[in-house]
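You will see two complexes here that share subunit A, one where it goes with subunit B and one where it goes with subunit C.
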Partner chain A sequence: MVRISTTIYLIDHYANNLNSPMHKASTLSRLMSAIVVLGITIFTNSALALVAEFLIILTFIAAAKLPISRLLSWALYPAFFASLFALSQIPYSLVLPIITIFKAINAALVMLFLISTTPYPELFSILSIPSKTLGNIAFLTYRFFFLFIDQTGERFTVMKARGGLAGSWKTKITNLAHFIGMLFITSFETSESMYAAMKTRGYSGSISHHKKLRQKFGKQDLMPVAFVLCILAIMVVSTFFKAWRVFM
Partner chain B sequence: MHIHIPDGVLPLWLWILGYAIVIVFLFAAVRKVRGEEKRGVYAATMAAIMLVAMSIPLGVPYHINLTVLTGIILGPWWALISTFVTNLILATFGHGGITIVGLNTIITWFESLVGFYIFKTLQKAFARKSWRFAMASGVSTFTALMLSTILVISIVAASGINPAEVIHHHNNGDGETQMSLTVFAALTFPIALVGAVIEAAVTSLILVYVKKVKPTLIPGWYA
Partner chain C sequence: MREIVKVNCIKHRYADATEVSVCGLSFVIHEGERVAILGANGSGKTTMLLHILGILEPTEGEITVFGEPPTKSSLHGKVAMVFQNVDEQIIGPTVWDDIAFSPLNYGHKPDEVKNMVDEMIRELEIQHLTNRVPHYLSGGEKKKVAIAGAVVTHPKLLILDEALTGLDTRSQMETIELLNRLNKKRGMAIAITTHESRIIPRVADVVYVISEGGIIFRGTPLELFQKPEVFRKAGLEPSPLIELLKTLKNQGFEVEVSDDLEEAKRQILKLCKIDSS
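The block that comes next holds the complex of A and B.
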């Protein structure tokens, strides 16, 4: 089980506090580069090209000052599920499992690369283009999540410290039931008061398009462009290599 | 329940269809909920609670989703928006691929919808009983989750991700796919059963507590 809370915390930290050429690029160029690379990953059926793409993604992750090992460990989660399919492919082909696993890892790494360099509110402001409601809900969910995860941790520690999990199973289950119910109601009360506080500070019920979304294409976008060009170069080489083998 | 299929595994037509269906319904949902600002805060709250619930390890290959609770509290349209946002956030860090967001939203919304309607019917049917909330929420959650398990198995069957089907896609009906699906279903159902029991108990506990402590959270359509 992935520790979702820790993952989101760290991703949020990388996206907001690191300073690399990728972090400085406009939201749109980062998003477009991720979409193009994701599309290439999904439609590529060459194991060699996928392995080369994997190495390039890692290089760009390092260039963006992101911890490779941590992002790789998160990307292993989808790789685990891909390995279930890959295992069943072994009797039919040895290349097919490699393709399946690398497609999963590469796609996950691309998404992690995008969100580790783009703060969630910037991404969510894109959602508000088709619908302000969607952008608003996504933005509020993100704000509430951090609040609730802290509350859950603190209150659980208090309950344990006061002996809430001691005694018979009946007592434990009763205390846990009260804890869950209380937490649920507190979450709603917290979100209501937080929303009221946000409104008094000028929040109009919809997030405005982030300034980086309106940023024009320029020098700062060199890294996302280089990222796409490198991946495209691999695919071109891979296609020529395949064609050359057919002719030989 | 949702599917943890990574990107690049599902056939293009299936995940595009998933997205297309969800986009159409999302478009309808945002029109339906226009002007309901307070329920929007509740929708975001439920999405955040679902994310927190999914962070809690249970020791079995299952995590609580609280999708039925979301359906009961928010109603069908807000539940769709809430489940979509949850699945989208989950996909951004590899908890299921980005290509599966549409299908996962369909599955989780299906749970919310089925749960909502069963709960509404049952708690009206047991109107005078003191245990109506506990019973209605437990039965609706359990039924919705078991039905969604069938939906998940159907999607896996439709995807043809079984390698026997992928490799021998010209030989339809050779029995290999059927065999694999049986094994898949046999592995999935016991886990789903345990998960549904746990989630039904948690949903009942929460709803009974909410009814006692803050009944205003439970919408008027159950009255």
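The block that comes next holds the complex of A and C.
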């Protein structure tokens, strides 16, 4: 639980506090570049192209001043499950498992690259375009979510410090059930306090504020554009040079 | 001075059947006044504040804010509050967004909101926090952001619930200085609840002491500190400085009881015949 909150905090920290050309790009260009690269990853069936794409993604992650090893370690979670599936493909082909694993890693890396360079409220402010309510939900959940993981972390530490995880499995499960119950009550109280605070600040059911999405495209968007162009170049090369296919 | 808040013996019954009452002396806040509400934990300070804000409605008693019941929408923007746990008050994903929250909800136009927020940020000297994410701020910084978010709409009354509790001495002093500056510059009345008597002289012109469901004292900080029995009754600790000067006076020394540290120092040095200059 503590590990999950640390990961979330780290991603939030990278998105908010790092300063790279990718972080400076407009929300829309980052989001669109990620969608395009994700689409290419899904539809590519060339192992070499996927390996090359993987290397390019890593290059751009480094250029965005993000820690490659950490992002790679997070991307390995889906890769692990993909490898289980890949194992079943080995009797039929040696290339297919490579494609399966790299598709999983690349897709995970692209998404991690996006969320590590784009703060959550900016990313989800796009929801305010189709529905203002969805945008408001995203706006409000951000702070509440971090309050929640803080409370969860604090209570979990207290429970551990008081020996809550030291007894038999039966005791541990009972303590965890109490922990979840207390967490529910605390979260409910927090939401009530937050609502009272919002009421005193004029909240009456709707918020109109998602300024960061409305950035215009410009020079700052060179990096996301370069990212997409590099990936597209690989796909073009892999499609047109039949010689590559000989190896696959 | 015009009365902006008047509370007459209110009682409130919570959903869990707990009954909190604030009776005794009437509670009044005048325009531009700095009021401290002193009381032990659970004495009813926060309950009274929530009534003033219109969040709670009294089961008995009368309360008026700017001459109206506090639940009236005409009071929106006139009264602002900084809660004890500012984490639950800061809603925006960035400091700028959070300060803009109230003006946007009160229907100001985007250009107006931008001007109001930028002005507030300049006034509170928190330009370096503008684009920061609230959960990475220190306690003192969060407090400043919460105050900025509360006073951005230029309220006539700012209510602070235990706003100085949990801050280190430096952050406490900075917050007090900020509040006093806002009070002087804008003529904004301030009501602050606390159980720390030592900060009273710095933040209040008038003090109310709440104990056992009633207001047992109303007066200036100096008048309060000359009555240690009030502190005892309220379960609070009197100011050590005043206690010292009173003891000296009772023992026949020529001193004037004062809550001012510099004045006390001067008097004690004079007694010891040491030239303070």
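By definition in this document, the second predicted complex is superposed on the first by the 200 of 248 C-alpha atoms of A that agree within 3 Å, B and C clash if a C-alpha of one lies under 4 Å from a C-alpha of the other, contacts with A are read in each partner's own complex, and residues count from 1 in each chain.
The rule we apply is simple: a contact is a pair of C-beta atoms (placed from the backbone, for glycine too) under 8 Å apart; a residue touches a chain by one contact, two chains touch by 3 or more.
Keep in mind that what you see is a predicted model, and the values were worked out from it rather than measured.
Once the two complexes are laid over each other on the shared chain, residue contacts for A:197 go to subunit C alone; subunit B is not touched.
Touch criterion not met for A:126: it reaches neither subunit B nor subunit C.
One of subunit B and subunit C touches more residues of subunit A, and that partner is B. In the superposition on chain A, A:66 makes contact with neither subunit B nor subunit C.
When both complexes are overlaid on chain A, the residue A:177 reaches subunit B alone and has no touch with subunit C. In the superposed pair of complexes, A:140 makes contact with subunit B and with subunit C alike.
By the touch criterion defined above, A:74 lies against subunit B but remains apart from subunit C after alignment on the C-alpha atoms of chain A. In the superposed pair of complexes, A:223 makes contact with neither subunit B nor subunit C.
Of the two partner chains placed by the overlay, only subunit B lies in contact with A:112; subunit C stays clear of it.
By the touch criterion defined above, A:17 lies against subunit C but remains apart from subunit B after alignment on the C-alpha atoms of chain A.
Residues 120, 139-140, 142-143, 147 of subunit A lie in contact with subunit B in one complex and with subunit C in the other.
Within the complex, the subunit B residues that touch subunit A are 4-9, 12, 26-27, 30, 33-34, 37, 40-45, 47-49, 51-52, 54-55, 57, 63, 81-82, 84-86, 88-99, 161-164, 166-167, 180, 202, 205-206, 208-210, 213-214, 217.
The part of subunit C that touches subunit A in the complex is made up of residues 50, 53, 55, 76-77, 79-81, 83, 85, 87-94, 97, 100-102, 104-106, 132-136, 149-150, 153. Interface residues of subunit A, counted against subunit B in their complex, comprise 1-5, 7-8, 11, 38, 41-42, 74-75, 77-79, 81-82, 85, 88-89, 91-93, 96, 99-100, 103-104, 107-108, 111-112, 114-115, 120, 123, 131, 133-134, 136-145, 147-149, 152, 177-178, 180-182, 184-185, 187-188, 191-192, 195, 205.
Subunit A meets subunit C in the complex at residues 12-13, 16-17, 119-121, 139-140, 142-143, 146-147, 150, 190, 193-194, 196-204, 207-209, 211.
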